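First up is the structure itself, then whatever we jot down about it.
When the chains are written out, they are named A, B, C and D in that same order, and each has its own residue count from 1.
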Amino acid sequence: MDRAIFEAMINTRRQLHRRPEEGWTEFETTYYIVSRLKTLGYEKILAGASCINKEAVLGRSAELVAREKERAVQAGVPRAFIDACEDYTGALAVLETGRPGPVTALRFDIDCVLVEETDDPEHAPNKGGFASERKGLMHACGHDGHTAVGLAVARWIIEHKDELSGTIKLIFQPAEEGVRGAAAIAASGLLDDVDYIFGSHCGGKAKPGEVALVRGGVLASTKLDIRFTGKASHAGNEPHKGRSALMAACAASLMLAGIPRHGGGASRIAVGKMIAGEGRNVTPVHALIQIEVRGETAEVNDYMVENVKHIVKGAAEAYQTQYEIEKTGEATTIIDHPEMQKLVREAAQALPEVKNIVELSNPSGSEDFTALLKRVTDKGGQGALFRWGCRHNGHHKSDFDLQDEQSMPIGFGVFCNLVKKINSAAC
Amino acid sequence: MDRAIFEAMINTRRQLHRRPEEGWTEFETTYYIVSRLKTLGYEKILAGASCINKEAVLGRSAELVAREKERAVQAGVPRAFIDACEDYTGALAVLETGRPGPVTALRFDIDCVLVEETDDPEHAPNKGGFASERKGLMHACGHDGHTAVGLAVARWIIEHKDELSGTIKLIFQPAEEGVRGAAAIAASGLLDDVDYIFGSHCGGKAKPGEVALVRGGVLASTKLDIRFTGKASHAGNEPHKGRSALMAACAASLMLAGIPRHGGGASRIAVGKMIAGEGRNVTPVHALIQIEVRGETAEVNDYMVENVKHIVKGAAEAYQTQYEIEKTGEATTIIDHPEMQKLVREAAQALPEVKNIVELSNPSGSEDFTALLKRVTDKGGQGALFRWGCRHNGHHKSDFDLQDEQSMPIGFGVFCNLVKKINSAAC
Amino acid sequence: MDRAIFEAMINTRRQLHRRPEEGWTEFETTYYIVSRLKTLGYEKILAGASCINKEAVLGRSAELVAREKERAVQAGVPRAFIDACEDYTGALAVLETGRPGPVTALRFDIDCVLVEETDDPEHAPNKGGFASERKGLMHACGHDGHTAVGLAVARWIIEHKDELSGTIKLIFQPAEEGVRGAAAIAASGLLDDVDYIFGSHCGGKAKPGEVALVRGGVLASTKLDIRFTGKASHAGNEPHKGRSALMAACAASLMLAGIPRHGGGASRIAVGKMIAGEGRNVTPVHALIQIEVRGETAEVNDYMVENVKHIVKGAAEAYQTQYEIEKTGEATTIIDHPEMQKLVREAAQALPEVKNIVELSNPSGSEDFTALLKRVTDKGGQGALFRWGCRHNGHHKSDFDLQDEQSMPIGFGVFCNLVKKINSAAC
Amino acid sequence: MDRAIFEAMINTRRQLHRRPEEGWTEFETTYYIVSRLKTLGYEKILAGASCINKEAVLGRSAELVAREKERAVQAGVPRAFIDACEDYTGALAVLETGRPGPVTALRFDIDCVLVEETDDPEHAPNKGGFASERKGLMHACGHDGHTAVGLAVARWIIEHKDELSGTIKLIFQPAEEGVRGAAAIAASGLLDDVDYIFGSHCGGKAKPGEVALVRGGVLASTKLDIRFTGKASHAGNEPHKGRSALMAACAASLMLAGIPRHGGGASRIAVGKMIAGEGRNVTPVHALIQIEVRGETAEVNDYMVENVKHIVKGAAEAYQTQYEIEKTGEATTIIDHPEMQKLVREAAQALPEVKNIVELSNPSGSEDFTALLKRVTDKGGQGALFRWGCRHNGHHKSDFDLQDEQSMPIGFGVFCNLVKKINSAAC
């Protein structure tokens, strides 16, 4: 790839790596993206509230956002910018070539994870002086690289816009972690005219020099926060007057783990956290459990969610507590459009750096690109998800790194080739 | 006591010991009682359905009754007698002296327990040749003695009726075990005119030669049968299609055991039995648990019952099963009428065989005489429960025995003395 | 197929259908098989204890066997025969052709299931007058047909023995239901010289006219009976002195259902039955739960068993009870020998009645032929399992029927063709 | 009482109210007490480590202490003082009169609770400008008053020392909340020569103008922190590799709630808090539950603790996690020395402010004065606990207040009268 674009991309990634922001608080990141897109010459840029449907937002804490907004302002983001975004994050740039042609959307996710970066001096960001400046937060899943690739693709597109036809939509999606952000973008309707949509993720099982076509195995998933509210009483004097939210949460947790396996495919249930009770000798009033379910098919995932609802309601009834179930994230399975897989394969094959192309379909994690692809598919479009390999020590670990920055050009290249193929003015 | 009455009483007790009948199936026993009362000269005898309110019957299995009716017929009870009783058991004899005076009721319970009598040759019923002829059933709680005492008292009363005033009601109550029978007698209204009611039990903590005034400590109790109904499925192929009644019952059992202690007094919860499931590899459709709760006060017992209801409903909801709660027994706490305690004390003191009189008030078992006393009290009457001591190896054990038949005259004597005091024509 | 053989086979199947016997109690069936084999001219017949390793027997109740032995004797089986079998069932006939050649084993299972046959007059066994004479027991899985096919194959072999070389071993396996019987046969060592082993099952997903090659999807499974033993106490007076086996079983059941899913393949856990407790107001001393686990791979199944052990031990510890875990059945996954699949395919293709040949590999039930195949494979042999289709309303249902007796010749034909191919004297 | 002493006492209480400190962090309070005692003329003052047995300390977090020490230093407590205390709190002053006579000990507790004081302007501390300056901490149980009474008594004693004989020991006990502090003082041996020990508490059920003799009903109690440690795994990809500490804690909690009631007296079990898990999609590695048990007798309490141990061990076994049980507090029942009750009664009767004297014996809270009394009793001494009534809105509530500072003189008066009676030089 073009040396200047490559170097800018690497710089961008490092700059973002320094300032990781968790889902729905990517103010510095969004401001950076929007500023860069403007500089590149994009005219139609939707940021924050304007690129999502606020009703459909999942897993966003107003309290956290308020706090983080102040932090971002202190870090130099103009308050007016965030205000204009209505305190939401993410951006969507639209390039209309003016020539008739298909609408193509590319998705890049921008948030970090709650991991503390290692202080190992051999860790490249430490060596290179671009480690996270924000304790407890880290781009340990590579979304800094995704965003940098996205901005590089944005630059390539604008530099080649005279050779292109149709419309290109570049989505910089917030809050992919916890599969929270895509739903609100899907629900915005802004992708309803999209003919083709593509997303990617670095690493995973894809090895350096490899492009992996994701044909299946992405588990549908729903993330839920469940709250029980009981009644306090002195546990020594009047235990009978209390209603223990903690006990309701414990009973629910045990029963949740026991949701029967589904004969139609793999399922998952995890009770990942519980915080319950106020004091040793007081009947606990508040209990929160954070759970997630998954399914090899949407049907299996729905089955799990349905069972969760019955169990939580039942536990609340048994312990005479109140309850709330809040959906904080949601993803579905990947839809396999064989023609799109073929396109990605060709786009990858055209790159000399690509040594191997594989297909993935075994059950693994979840990815909320699936929500965008589903919306596009429902409206008559198509799309695909691919992985570009890289060396790494495991995602979400404190020593995760895009160890070979040379891997990013593959992601860049596949996206550009796809645009070339689909939106060539020559076609 | 009169030698003839004593010997008849011992004979009666032994005869009844041979033919133990469990609650609501006391056909031979009821027929025996009614025959004897007639022979004695009682004219007003209500038997079976006529001395209870059928709507208020607890813990009676129509299936068991039907089977046992045939057994009783085979054992010689006229079918017409049982038909006239409408398949119910128990009897109530009324003696109207014709002289104005108070209405006094005496209660004697008649059923056996599900215990297999020991074959120890030293066990008195084996030695004396009057052991249970019905395998698995035994008068191991002394109700054979209670009934024998009752018939002896009935004889004494009729022999002394010219010295008595007012009305005497002799209640031969079915199904005391599981505290089932009293509710239906109370609800019959036949005791609503009673001024004084007395009941007794042999043994317990009362030692030989001792009469114990029961002033408290009788736990209120409710017995419940709980059934869950789920949905079958092959546990290997389609586990997700099943709804496990067994799991609902297990979760309910765990949560039941965990009902918070009551700050206002002792409580009890027991899950005594579970029968659940049809086959190893089929999701269980049926589950039955048999439970009981108790409370030092009626309020505590009600609290337990209320919690049971929420828990069972919640467990059914959680596992998406149906459920039923059937009350099979109920008793309340003893009401302490100090004046009546005084009367019993005096009646006992007048007996030379009585060496000691004690008061009981520590939490112990349950007794459904409490339901009769409550009804009488609610209608303006009074009453008391007492124990007459005897040597024994523990109630409900296979070697229980009224080891000293000499103890029965004490029970007999207290009852007669009470009647003498209250219904003396001389007063 | 030969008309005489066919008719004998149908008669056999009907005769067996009338006298269904559950696993390890197949005395009438075994006697019938042995008698027939003798009549056919088999000289080396091992029956009962002589064809199994008694140490390795699973899921056999000595009490049930003793009772059923008397029943069989009453039904006409010579007591001496059963005595010689040492009260065990099943048979193994060996035909040595005298010509060098491979050792081939064929497996036929002979037990029934605990299902009550429908009284629907349209149900063929009712129409044909050969319905089960034993209430609550029924050949509702088609093993009557398997045995009949086996005896027909035995006849064909002996009639063609001059055209055959090597050795043929015909296994009439007891107790396949609950996957109990194969382990003891495998452990006998009698199959350690086997080069090729084949088994079959009627029906399932195989349609009429179809032969299905079972290449995978047979779940490994372990069946366990778990007993907790606690301590009795009066639940009202001394609840603290009891140790509830019921509660231990409930807690174990809940925790068992919650064994985490395995990332490496489908797993199953079923708590199918619980019987616990002696009386409503007594702390339960005895609790039995009958469970099974399954796994898409042996590793997954082992993982489940390992977790069961920890959970049961933990529940017993928590409730201060004793426990026992008894393995009552075990099966593993199918080993796929492609060459054997090819042989079966060819054997099936040679039959004009076979319209279609399919392959099965989706997770479904369990089958203890897998234990025999594993033993043979471990010792250097190979083998395969196939299904011959038939019309049916579902296995283990009260109206199951081999509705088209014309399907049995396909099973017969595949076995004979396999023997022809492998043990042809001409080869 | 003496006006000067009264006014100093009120001032002291208000000053302490402003600077509440939780158990084992009472550095400002201890420094204040020690300074005052010195000023008063006490010569033998043991502070911090010198008045406890460090091995027997319960419920003290070194981490919290370290942080709070810095806070106290910043607030003006000399670092050298805390260092000399070895970072422990509490004080014991000894007055030897030089005249032979009994050794009398008086106990005053000094710590606060974790309650946030109300901002209601009508709340006296707000009105009077002495509300807590430490957010989230408050003297909401009246120990500020206890300490102020203690210092007033100390003053009275020194002012009257010439009229006294024997030895007086004044215990300013840390960490009464959570019944943590007394054990270490008891174990110090410093009270082994005590003949008489007295403690008091304000409020509770004692009304203004009332002194209550605590003759029973103080529940024995044990406070436990239970930690489970499991193994992390990605809950989506490898759920089978995780060992959930959260699930172990949930199962333990359910089973703990279900410890059978004790037939020998009231028991309590409370699971007051749970903190478990690290992230929604990670198998939880850490779980902490904070529990307490209580018993009407030490035997009942021991029974509860014994059951807790079995349950926690069992849950850890079932879920294959590690576990730890840490005792963080312990109290026993009150020992009733009738002669001491009589003494307190007389000491109270002698006060004109006392309108009424009552006796308490119903089960209620716990109090670790019991540990001191037990030690003294074991060594041949005697003692008693009393309550001096006051108006209040409920202990441990944000608007708790010693609403009538006039109540404190009653506490003061009873202690002084006891000393007068026991240690009078005239005797």
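Points worth noting:
The rule we apply is simple: contacts are C-beta pairs under 8 Å (C-beta built on N, C-alpha and C of every residue); 3 or more make two chains touch, one makes a residue touch a chain.
Everything numeric in this text was worked out from a predicted model, so none of it was measured.
Looking at the partners of subunit A and subunit B together, the chains they share are C, D.
Ranking all chains by how far their C-alpha centres lie from the centre of subunit A, first place goes to B.
We define each chain's centre as the mean of its Cα atoms; on that basis subunit B and subunit C are separated by 51 Å. Centroid to centroid, with C-alpha atoms defining each point, subunit C and subunit D lie 68 Å apart.
Looking at subunit D, one finds that residues 237, 239, 244, 247, 251, 254-255, 257-258, 260-261, 263, 268, 283 touch two or more other chains.
Within the complex formed with subunit D, the residues of subunit B that make contact are 254-258, 260-261, 263, 266-269, 363.
Listed in rising order, the residues of subunit B touching subunit A in the complex are 237-242, 244, 247, 251-252, 254-255, 258, 260-264, 283, 303, 307, 310-311, 313-320. Residues 114, 178, 219, 221, 223, 234-237, 239, 244, 246-247, 249-251, 253-254, 257, 268, 270-284, 287, 290-292, 294, 364-366 of subunit A are the ones that touch subunit D when the two sit in their complex.
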